[in-house]
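The structure appears below as structure tokens.
We just call them A, B, C and D in the order they show up, numbering each chain from 1.
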Amino acid sequence: MAEATINESPTVSARKVADWVLECARVIDENLEHLNELDSTCGDADHGSNLRRGFAGVRTLLGSEPGDKPATVLKKVGTTLVSQVGGSSGALYGTFFLRMALASGQDKELDRAALGEALQAAARGITERGQVQVGDKTLYDSLAPAVEAYSNAQSEGRSLTDSLQSAAKAAEEGRDSTVNMTARKGRASYLGGRTVGHADAGATSMALILRAAAETLGP
Amino acid sequence: MQKIINDPADVVTDYLHGLAAAHPDILRFDAEQRIVVRTHPAKPGKVGIVAGGGSGCEPLHNGFVGRGMLDAACPGEIFTSPNPDQIVAATKAADSGAGVLHIIKNFSGEVMNFGMAAELLAFEDLTIETVLINDDVAVKDVPGTAGRRGLGATILVEKIVGAAAERGDRLDALTSLGRRVNARARSFGVGLSSCTPPLRGRPIFELPDGTIELGIGISGEPGRERVPMLTAREIAAVMVEEVISDLQPAGGANILVLINGMGATPLSELYVLYGEVEALLRERSFRPARRLIGNYLTSLDQAGAALTVLELDEEMTKLWDAPVSTPSIRWGE
Amino acid sequence: MQKIINDPADVVTDYLHGLAAAHPDILRFDAEQRIVVRTHPAKPGKVGIVAGGGSGCEPLHNGFVGRGMLDAACPGEIFTSPNPDQIVAATKAADSGAGVLHIIKNFSGEVMNFGMAAELLAFEDLTIETVLINDDVAVKDVPGTAGRRGLGATILVEKIVGAAAERGDRLDALTSLGRRVNARARSFGVGLSSCTPPLRGRPIFELPDGTIELGIGISGEPGRERVPMLTAREIAAVMVEEVISDLQPAGGANILVLINGMGATPLSELYVLYGEVEALLRERSFRPARRLIGNYLTSLDQAGAALTVLELDEEMTKLWDAPVSTPSIRWGE
Amino acid sequence: MAEATINESPTVSARKVADWVLECARVIDENLEHLNELDSTCGDADHGSNLRRGFAGVRTLLGSEPGDKPATVLKKVGTTLVSQVGGSSGALYGTFFLRMALASGQDKELDRAALGEALQAAARGITERGQVQVGDKTLYDSLAPAVEAYSNAQSEGRSLTDSLQSAAKAAEEGRDSTVNMTARKGRASYLGGRTVGHADAGATSMALILRAAAETLGP
């Protein structure tokens, strides 16, 4: 059934991956204050600044030659985030892109399934790195439903673009679901019940990043 | 924002250069790798002691690099754990063949970055052990959560384990010693204001006059709850109750009391608090045998203080008293 | 007002009780006479060293009582010099037959109260000498005025003279040593906020964001002028120019650099400032040979810092390095 | 000439001195904030609080038996101010009352001339203690003209009440004259030109204390 629509789906090249992360850099900049404010209600108010610092590094790096295969770009992004962000989000987003890189292997182009596997690997990486589950009020609450939505869409035979759109939408719903959660991981967890009523900063940035994916990797 | 800084983006770097310039006989700043290491490396065969964390908590950890405490520290950006590269570099710098102990405060970011560093170091010919500090009783240690934060016990572990490393203790002994100290220490902090991170340029949260935050950490975030302002005596009562009911030291136990300022609270207030805390501890039959009072683990320019109590044994006491020579803790030599 | 205190009227007393409780092996607080004295009196024949001043400047002076520094201190109310009775009591407590040196900061109130105390002590069988500290270059030393204030040089004189007294120097030698140190030291302070005296409950003055006070003292009063906010580098440039143009140390001179925080400025900022100051001093060919960086002479919860430079000679350097064991300065034993 | 009116003038008893200092305590309380504010513009904002602390001590002390002669009361007041105020004003006002005590000797009652001498002794005491001159912008700028006005009135043969009224008035003018002065003594001297435009705190309290004298010692 998946096979039926495969020709309609474009694949993901190194160039597209680079476009994606550049778009990530743009939306993070755009949402800088918002992400910091979300982090301030129950953390240390730096989530936006942290990601901006990291993606600024990524932008510089990709200004030159992005690389010949998706894994090259993804690995550069992951390494840059790990070493230029630090904190929770450096480790987590770094892991996210590094695991995608690992899963992408030597492929020059990622097809719809390969991208799905990469996303799944990334999500597994996050659970391992963060010891996190759905419901802990973290970026995983956006990522987990997104990965699930993507894989459902894919098994339903929907296109890459469609699958990414479903993923982005699920991520945004996941982000919204964090509003009523009590944080169990990250700095916010120290505030106990006081975290209820605000979306998690990381869940919000993850939704932005997956929306950026839908906008850049699909079409 | 009123700060003695240059470009807000350079605060950490400028601070580290200044620190190194001020203590050339004790430490140096490797700007390339962004680590702080002893000027005179410890003698071969000594276990290396490494710690790191977000900046903004000065003097922790950089101010504790030196004989009798840390061999290397890796400072992250403000309130941001260091990255794995820094941790790897610090670990290698601290290693002289006897292995390296990582003292890690239990914050997600710190745990994850030290974890990634450990994965990278697994390929090296170098043994690492870990002591995880989690002494903050304000955080309920429920399974499935991130668990308690590391607060003042960090300093105590660094000092005591540092002294033991200096006298030649092996890595496994240091690891269990560090865990023992952490297990017998508890902390509780109170915030009287927020703090202003340089890049943000304004306080993290607004604390209306007449209210305080109970159960704060060390990154300027709000605490467990906000209550109307309390007197020093009442604050002491809350702290002592929280810490002692959780630690449950043996009756008559010798204890070490750390009154730690958050950065903007005058020393006189810390002593007012100490006086109240000591009276309450004595009432409960505990004997303050060692004390440390001052700004050791801060949150930039936050006003407030935290109590840490460590139930001492003879070994810990002896190691606490051992000579130490760092920018911010120095005695006996 | 957000402070860790009980009744605002009791802050000084509560602080002194807490201080004594925290350092029972070093000092005790005589609540009756309102003086702080060493727990173990110095050996007979040692000249007594006494200082006192308004409270609010902690750790000065109480935190400097102990071996190698002061024998007794007399703390007044907040920003109010001690009264003659306290000074008399402290002097008698410090005397062991070899006379007593009064280290007096040049503030009207301090000069007058020490003066009255000296008149009272004239009837006793006890020799007193005086070192008047006036190192603040922000104040123009015009005849007919009160003259320069005493700032950071106070700590340096207390340490150096304290060490000399400990090794057995006589009163006249100590007096000229103290005056020599004072004569070779200059200070300049900058305020980034006002401070809030407990009884007042609100800041002494309002400092609009984006402005700072140049040439402040240690009682929270405004400075010589208000200027738009400066970077750390610019602040360092002002401080170094003010201090060096007045002190005019010999080219290539060894100097001691004290970067003193006013109470609410984080240690990291003091190090940022130190880095800039050291660079400027080196540019001018001076060699920072000793440093002290931290909150030693504060103004409650004021933000800001002061630079003190002392042109060292070998004698001063040796005495600076001599062992000292007080609550707030401790090394070498 | 002075002799001509002496019978119209009452003398000053220990009781009257006690009434004076109690009135001082009252007006200091009343002007607490004002005195602190004046001190805040160029000092450390505590002049009112300092004097209040001192006069509160005085009030307690005089609650019992004030003493049999003016010198006894004045000495008690001086000693109390010295030891309970501290700072500049403790030394200065302490000296003020102690020197008055010394000048009053064993007299049970002070006549107009004796009070004049006591005030003169007090003023001399202040110049010695404070190394101060007229024009330095201190309490001496109220005291010096007041003492002069008193002695002029006295030589003109005016009554005790009148002489004290002249003194109080001169003190108030002296206080006002400090507005345009640049401080040369006390903490305010560190501010240089910035002290211009505000009356000196000590000059203001001195004017209050001499006004209180006119109200209590004369009639």
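Definition applied: a residue touches a chain if its C-beta (ideal position, glycine included) is under 8 Å from a C-beta of that chain, and two chains touch if they have at least 3 such contacts.
None of these values were measured; they are calculated from a predicted model.
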Approximate Å spacing (C-alpha centroids) for the pair chain B, chain D: 56
Centre-of-Cα separation between chain C and chain B, whole angstrom: 29
Centre to centre, by mean C-alpha position, how many angstrom separate chain A and chain D? 77
Quick check of your reading of the touch definition: is the inter-chain graph here a line, ring, star, complete or other? line
What chain-chain pairs meet the touch criterion? A-B, B-C, C-D
Going by the contact rule at the top, pick out the chain C residues touching chain D in the complex. 54, 76-86, 107-109, 112-113, 115-116, 136, 138-140, 142, 144-146, 149, 197, 199-200, 204-205, 215, 217, 219-225
Okay, in this complex, where on chain A does chain B touch? 36, 40-46, 49-50, 53, 82-92, 94-95, 129-130, 133, 136, 184-187, 189-192, 194
In the complex formed with chain B, which residues of chain C make contact? 1-6, 11-12, 14-19, 21-23, 55-56, 58-59, 63, 190, 192-193, 207, 209, 212, 229, 231-233, 235, 263-276, 278-279, 288, 291, 293, 295, 298, 300-301, 303-305, 327-328, 330-333
